[in-house]
Every structure is written in C-alpha cells, then in structure tokens.
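Order as written gives the chain letters A, B, C and D; numbering starts at 1 within each chain.
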C-alpha cells in the first residue's frame, strides 16, 4: 500500500464498490447530523483525500476505547476508514513489540512530520515524575510530548484523554491529566465518552479528512457529534415534559418507560449522540435499556455526585446542614435577641416621665 | 388515516410495554413526506430524511414503516453488508435501509425522488468494470 | 429645642417597640395597598399620606436598635440615624393626616396593624416635643382644668339642672353603689347637652341604677390622642378613682369613640392593673336593655336613616351590631352606606385631628369621602354615636352644602321611647 | 472553572452555604422578633386572641370586595406571581426532589410543561409589578434599593429556570448551574430583605388578629 494514495484509490484497489462507499458516506453524514444532500459532497471530498498516517497512543486507560472501535464480532462500515488510514502505531494492537515497535513510532514521526494524526486514549499521570505509567522506559508525558510535537492534529479519544476521566477521579492518586492539559500548541479534538460511540470516533476522522479541523464546543468536542444533549434527543423527553418519572428501577413508571430524571439521569447536562446514534448498531442506549445516563462524556463525571441522585438535588448532606443551621440560628438568635431585649429593658428603665410641661417645644 | 392505531404494530417503550406517550414526531414526519412529494412533482426537487436523526420512541418507527407500507419495487443490494431499497406504497417515496454484515441496521433514510442514488449505476464503478472487461478480453485473446 | 427632648423621644420610641411591631415592620413589602385604604390619600392623591410611611421614624428606630443587620449597617454608616429634623418633618404626617381609624390595618395583606404603630409613634413624637399646638393645649387643659375643652363642674351642674327641669326627672350625681357610673365627653356637655337628658330618660324607663360623678365626668383622653401614656394614665386614674369610690359595677363610656378606646381597652394597661369594674359603651348598655325588653318604643321613625360607624367604636372597638339593632328598633327605613361596618370610612376627625387646628383644611377636604358614601344612599338623616364624629360631620355637611340632619343614636332612642 | 465544575460547586458547597445562611437567618429573624416580647393585656378580654390570630392568618389572604376594587392590580398581579411562585417552587418535580432531600417527604408534582407555562406567567406578572412600582407614585415613593433587589433575586431564578428547562443558549450544565446559583442568591438574601415577609407574615397576621380577637373585633 503506497503512502501517498488517495482514499478513493485505496478503496478501489481493495475492491470496495462506489455504492458501498456511498453507503458509508451516508451513515457518516447521518452521524454528523448533516442533511442527506451533503452525502455526495462528502463522498467527492473523501475520495480525493490523502490517506493519512495515524499514531495511536494509549496511556492510563482500560482499553475500552480501543475495544469500542475494534469490536471483533462484526466487520462494519467503520472498518473502512481503518482500512484506508495507515494506522502505523498502536500500543495495544500492534503485532510487533519492544524496541522494534518504538522504532516504528520514531520512524513515522520522522517520515510524516507535521502530517500525521495523533490519536490518544487514556490520561497521562504526571505525579512523581510520571512513574505510574511508562512504556519502554519513557513516561507517558514524555512520549506524548515527543509524538505531539510533529503531529498535524491530536484526537483525544475517550474521556480519560479528553478530561482525565476515571484515573483523574478524586483523589487522583497518579496526578492524571488530560491531553489538553499538557499540549497547548496543537489542535486537539476531544472525542469523550466512556467509551465513545465507535461511529463517532470514525466520524470524527472522516470529518477531519473531509472538512479539516471541525468546529469544537467549549470543551473541545466536535459540535457535529456533541452538539446536542442526550436529554434533547431522548425519546423519553415527552415523559419529562409531562412530569412522568420512574421512582425506582422496578416500579410501574420504570416498566412503562418513563423518564429517569429522578433516578439521577444526567441526560440534561450530557452532550453526546447516544440518544439517536445509539449503541451496538442502533440497538439501544443506556436510557432505552432503563438506566439513567451517567454523563460519561462530560468532565469529572465520576465525581459529579451520585449517579443515582437527580441533577437538581444538592450533592452534599443538606439534612445535616439544616440541623446545624437551625441550631446555629437558635444560638445566635438567643444571643442577639437577648441583647435586644436588654436594650429594650434599658430603654424602659430610662423612661423619663412626660408631663404637660414637657409637651411644648419651647419648654 | 389512523396512524396511531395502525393494525399489526405494537409500539412499546423501553422493555416492551406499550408506549403511553409517543414523541409526537410521527405525524410531522408524514407531513414532511407529503410536502416533499408535492415539491418533487411540481419542481423535481429531491428530498431525503435521515431517520436516525429523529428521536423516536420504540415502536414509533414500526408505526411509520407500517403506514408507508411496501409498493411495487423491492431491491436487495449486496454492498458491505446488505442494503435494502423499497418503494413504499406511495410511489416516489423510498425507504433505504443499510445493514452491516451482521444484518443490523446502520442507517435508514426516506428519500423522495425518482430513484435513490445508491440504486443507480456508478460511473467510477462502471469505469473499473470497463477496464476489467477489456482486460478479460485481452487475457483470453478474444479480440 | 433641647437635645434632651429628642433623647427622651428617641427613648420613648425604643420603649414602644414590641414583638408585634417587629413582626409588622419585618413583613411590610411596600405594596402600597394601605394608601388606598386611607382617606387622606384617596382624597388628596398625595403619596406622602401612605399610612406605612407615617411610621418611618418608628421603623428606623426598630431597624437600627432592634435588628442585628440594622445595627450593623448603622455602625457601618449605611443607614442614617434618626434626627430631630426627621421628627419635625414627620409631625404633620403622624398627627394631622392620621385619625388612627385603623382602616389600613384591615387591608394590609401581610397583616400589619399600622394604626397600632402610629399610636406608638406618637409617644416618641410627643416626648420629643413634636406634638401639634392644638393637642398640647387640649392635653394641658385636660390635666389642669379636668377637660380638654375646659369644661368645669359648674358647667355640668348647670346642664344637669336644666335637664332635670326640662324633663322633670332627677339626675343622680355621686350616688354610691349604683350599677353604672355614666361618663360624658365635654362635647356632650357643651355641644350636645341633650345626651344627658336622653340617658336619664332611657334609664328611668328601663329602671337602670346609675349615677354621674362630680369628680370624674370627663371620659375623653387627650393623653391618648397626643400619645403620652403618662398623661393618659393620669386621666384614666381619675375615672378609676371615682368608680372605686362610688363602688359601681360598671363604667359607661359615652358615645365618644376614642373615650371608649381609652377606658375600655387602654385604660387598665395605662394604669397598670386590671379594673375591678366593667367598662361598657353606652350602645352596649342600650342594646342589652333592648334585648331584655326594657325599652318600649312609642312610635317609629319613618325617615330614611343611615348610620356612621365611629372607628373606635366599630372597627377598633367591636360594637357593630348593637347600633344596628337599636336603629332597627326605632326606625322603619334603615339603609347602610357602602362599606359600612368594620370597613367604614372615618369621618376625618378622629385621633385628635379635630383638636388640631392646623389640620382643619385637610380634615374638611377628606370629608369628600364621607360625602360620596352618603350620596350613594341619599338618607333623610344621618345617625352616629360619637360626639367627635358629630361635630365634624356637621361641619362637613355644611361645607359641602348637604342638607342632612345629624342625630345621636342615644337621643334618637330616647326620642322614640314611650313615656310610660 | 469548567461548567461541570461550576455545576458541582453550586450543587455542593454553595448550596450548603446558602441553605445555612437562609435557615440560620430565618431563625435569628424570628427570635429577634419574638424576644422583643409583648405586654400582658390587662383589659378584660371580649374574645379570643387565638381564634382572632388564627383567623386572620388565613383570612387576610382574601381581600374584601371594595379593597379589591381599589387595589385590583396590586392584588391580581401579586396573587398571580405568588401562586405562580408556589406552583413553580413546590410543584415542579426536580424541585420536589430537593425538598425530599431536605425533609424526607415528597409529593406529587405537576406536568413540567404546565410549570413551564406558569413560569412565563409569573415572569410577566413580576415584570408588570415592576412597571407598576416604577410608575405608581405611592409605590415609587415607598420603594428603596432593597425592594428592587428583592424583585431581582425573585425573578432571576424564574428566568434562569425557564432558560434551563427550555435549554436556551448555553450548555445544559451552565444553565442548570446558573439557575441553582440564582436560587442560592435568593436563599442568602431571603432572611435579610423584605422577602422575609414569607415567614414573618404569619407573625404579623397573628398579632394583628390577636389584638383584634382579644377585643372581639373582626379583622
């Protein structure tokens, strides 16, 4: 496979029909919430795009993100994109190992300086010199900085690399940080989720190849995929509007598929495509399966209070606060009230008898 | 037309029990199809609706499909995974469904046009076919 | 003007503030509804007459002396302390444009008894030397002469003699051990002497044991109107002494509204002890006699009558049904003015306003409210049961060229009794 | 601070602080009032303080016909926004969950879209009340900074709540966070502005009714 081929050439070489490609472009357009009329534009642009070189680095992670993309139970349209990109280095997947693997990484950086895409999953531990995760004697931070230095762009896949994720959860023993905490001089596209929807990962790559750097929201996520909240696209939203809520996981409301807000659903504050894109080939998503959204594509989702307490409720023990406040109020009130009472009694004591002679101003 | 009461559909919410409150997207969707069909007849303007982009309660899509029904044409395409193109019982209203190799749906569109693009022969593929045909004739000295 | 007087007034305000006032002032939301309940506002449209604004001096003292945050903001210079100039500025609002009628206290949505607070504010105003001249004079006369109008015992004795001769009956004076000690207001002695005769005739017919006192006949209490509890207590004490000396079972308040308020409700609190005798309003006595069938009517009034509820008797005193029972006993055609009863509009002269010459023009202006109430029913005659109201009503009717005769309820009853 | 951190802060420490200040403030205010005391009434009672007090507590909610005629706007607009606030605060399910956390009891809520509509009505009523306050000579004279502040901190949670529910403009976390923050502002100022009438009104009405009831007077 030649490095400077266009994607169209690669596809044809592999015997992928134009119709199959159109089908892929259609599902990608759908994913990006683009109108179907954009499908031919995507197809035309993507065909002419250069086959990109990709380095995939995995740091403190659970491999869930890689699992998400490489589910082995089926070959998918999304495989297409991985067939056409040149995934030159992937910690977890590569067949070779040891110094040879590291050599490949260095070679790719050298050969494609300024052109390759860097995909990162996992957070980067920086505490104690980064000793908590090292590869070939190098800390994750060192590898990231070295690899990022010559990348065209970085895609932070998964909540760990995008925001620190679970490794960063309180008390964050390894000092985990996100990619964007360390790299400030490269375009970074965050593709959070624990894991991200596989189609979204490929979708971001397609979008990148087709339209260049995508428009990002305040949290560095491509708006095309993360532009709307779970809540806004949730099929259970009408129940929310009508005030019909499940109170527990096995009550009538839960069986009838009512809104899971009371059970702690983070849909209203979670921006992701789960509600329409769904998982496992559009089979379902957590809310459809009867479980509230955990908000996994948001920063600090692990520390954002209980998964099962409603968004509107305070996260701390307010009952205790109420008792302390009342007790404190009673004490302070007694003290203040006592002073005021004494002041009033003093005034009564200081009363000067008023006689008719006192009434005239002149007197 | 009784959309909500279409026989043969059993809309469900979540774990299969009846859905008390639909998203309400069904009727507007059918209106959109009607307007698109009018426009196509008047001006030839084509229209496509991505069903994955529209929130639907479980069962609602079944209701939609039952309402659209199946017309005269049914095409199975062998792409990367199957794709099925049917003309609904409303001519020029097409339902395009893409499956992956595990026969799971990965995309579904309603198209209002003469014929969905995916059915049409693709010039790029035709060019490759032509090349291959020539090569075939050449190899076998059939000139 | 001495600083000592202001300090005394300021201290008086501090003394007056209690839990109800703290609750009232904490609750005010500045909704302005009290303005619409006050005839000084409705008849002038001048927002300064908004009732709650009249208690501003009291409010400032409360906030700065009796709330933690008020004290703090005063210490930080965020709120201005009350000055003598403030009291000067508020004098006309507290005295000239409030009759203590308490109508505002009825409409306040958060339940503030504003009249209660204005009454208390006057304590501070008077102690600081900011009471109106008219009221000061009346108060001084009440203490030195025995009556705000300067009526002395000989004047009463002359009226008694005159009445005895006219009706050929005996008016008991200083009789010990009677059921009732009947009090008078000096207006009843000077302006409406018929009242004494009426009482005597009714009591004679109903066979009531009663007396007047030569030592305490004046029931009105300027001390309350001007807002000096010390003086008010002195005036009440005279009545208590007389009642105890004559060993009566009950003291009858005259028709005068604020006299009733002074003896019945404030009296025991002013002198600091519970009374050993009852205090009743003359209308309560008459209605009881009526209920017992001790009043025999000879003929009934055919003219269309309406009744003006004196504020301190009706709204603030709770004597609302009795006058209606009595009028219906002697009259065939009794009509109610709009908003009569507990929401009746003040005549405009209560709370010492009639004693305060400075307020005369304003007082007459606010009579327009009473005029419109009267116009709505167009009565042949107007009945009331407060000599203070009567004086002002007469003046108002004349001012507005309204030809409606004014009757005292007690006299009307007396006039329709059979002689047997 | 990211919007997630912001939301966490308002739901966590900030809420605790606001709740503490509000509750302690209310208790202090109550005690400031009650400890002022009241003299025993020595006049012979004609009626019952308790009956009069309790009666006035609820009866003062309903104006008499003539007062209604004179102060119609104040009464209607006032009632609309008070009832609206009641509905929005106590009958919106996400709010009920907060009370459940606080008191351990919950009750049925209204459909959210009804609460949404009520919010709009309440906001309109509050705007009308503000215009009235600025234009009416009596209200303009009575009003001070605290009145406008109280108005602002009352309408803010309604506006932010409406925006959050309808998800206008900002991210979901930011909207909900701003809404909770605006409520916390209200909570903090609640005991120290005229908003305290919400609880002192019970005392005020009781005293008014008790004074009248003792005399056997209607109030």
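Basically, a contact is a pair of C-beta atoms (placed from the backbone, for glycine too) under 8 Å apart; a residue touches a chain by one contact, two chains touch by 3 or more.
Please read all numbers here as calculations on a predicted model, not as lab measurements.
Central chain (C-alpha centroid nearest the global protein C-alpha centroid): D. Ranking A-C and C-D by contacting C-beta pairs places C-D first. If you average the Cα atoms of subunit A and of subunit C, the two centres end up 76 Å apart.
Each chain gets a centre from the mean of its Cα atoms; for subunit B and subunit C, those two points are 90 Å apart. Averaged C-alpha coordinates put the centre of subunit C at 37 Å from the centre of subunit D. Between subunit B and subunit D, the centres computed from C-alpha atoms are 56 Å apart.
Shown for subunit A are the residues that touch two or more other chains, namely 242, 244, 336, 340, 344.
Each of residues 28-29, 32, 34-37 in subunit D touches at least two other chains. Among the residues of subunit B, none is found touching two or more other chains. Annotation, chain-chain contacts: A-B, A-C, A-D, C-D (touch as defined at the top).
On subunit A, the positions that touch subunit D within their shared complex are 217-219, 229, 231-232, 240-245, 261-262, 268-271, 298-301, 303-305, 310-316, 318-319, 321-322, 324-326, 328-330, 332-334, 336-338, 340-341, 344.
Of all residues in subunit B, those touching subunit A in their complex are 12-15, 17-24, 48-50, 52-58, 60, 77, 79-81, 83, 98, 100-102, 104-107, 109, 111, 117-118, 122, 124-125, 128.
Taken in their complex, subunit D has these residues touching subunit C: 28-29, 32-39, 41-44, 46-47, 56-57, 60-61, 63-64, 66-67, 70-71, 74-75, 78, 136-144, 147, 192, 194, 196-197, 200-201, 203-209, 211, 215-219. Residues 17-24, 26-33, 35-37, 41-42, 45, 47-48, 50, 52-53, 66-69, 105-113, 116, 264-269, 272-275, 278-279, 315-318, 320, 338-339, 342-343 of subunit C touch subunit D in their complex. Those residues of subunit A that touch subunit B in the shared complex are 8, 12, 16-20, 22-24, 26-27, 29-30, 33, 35-37, 39-40, 73-77, 80, 233-239, 242, 244, 254-257, 275-277, 280-283, 288-290.
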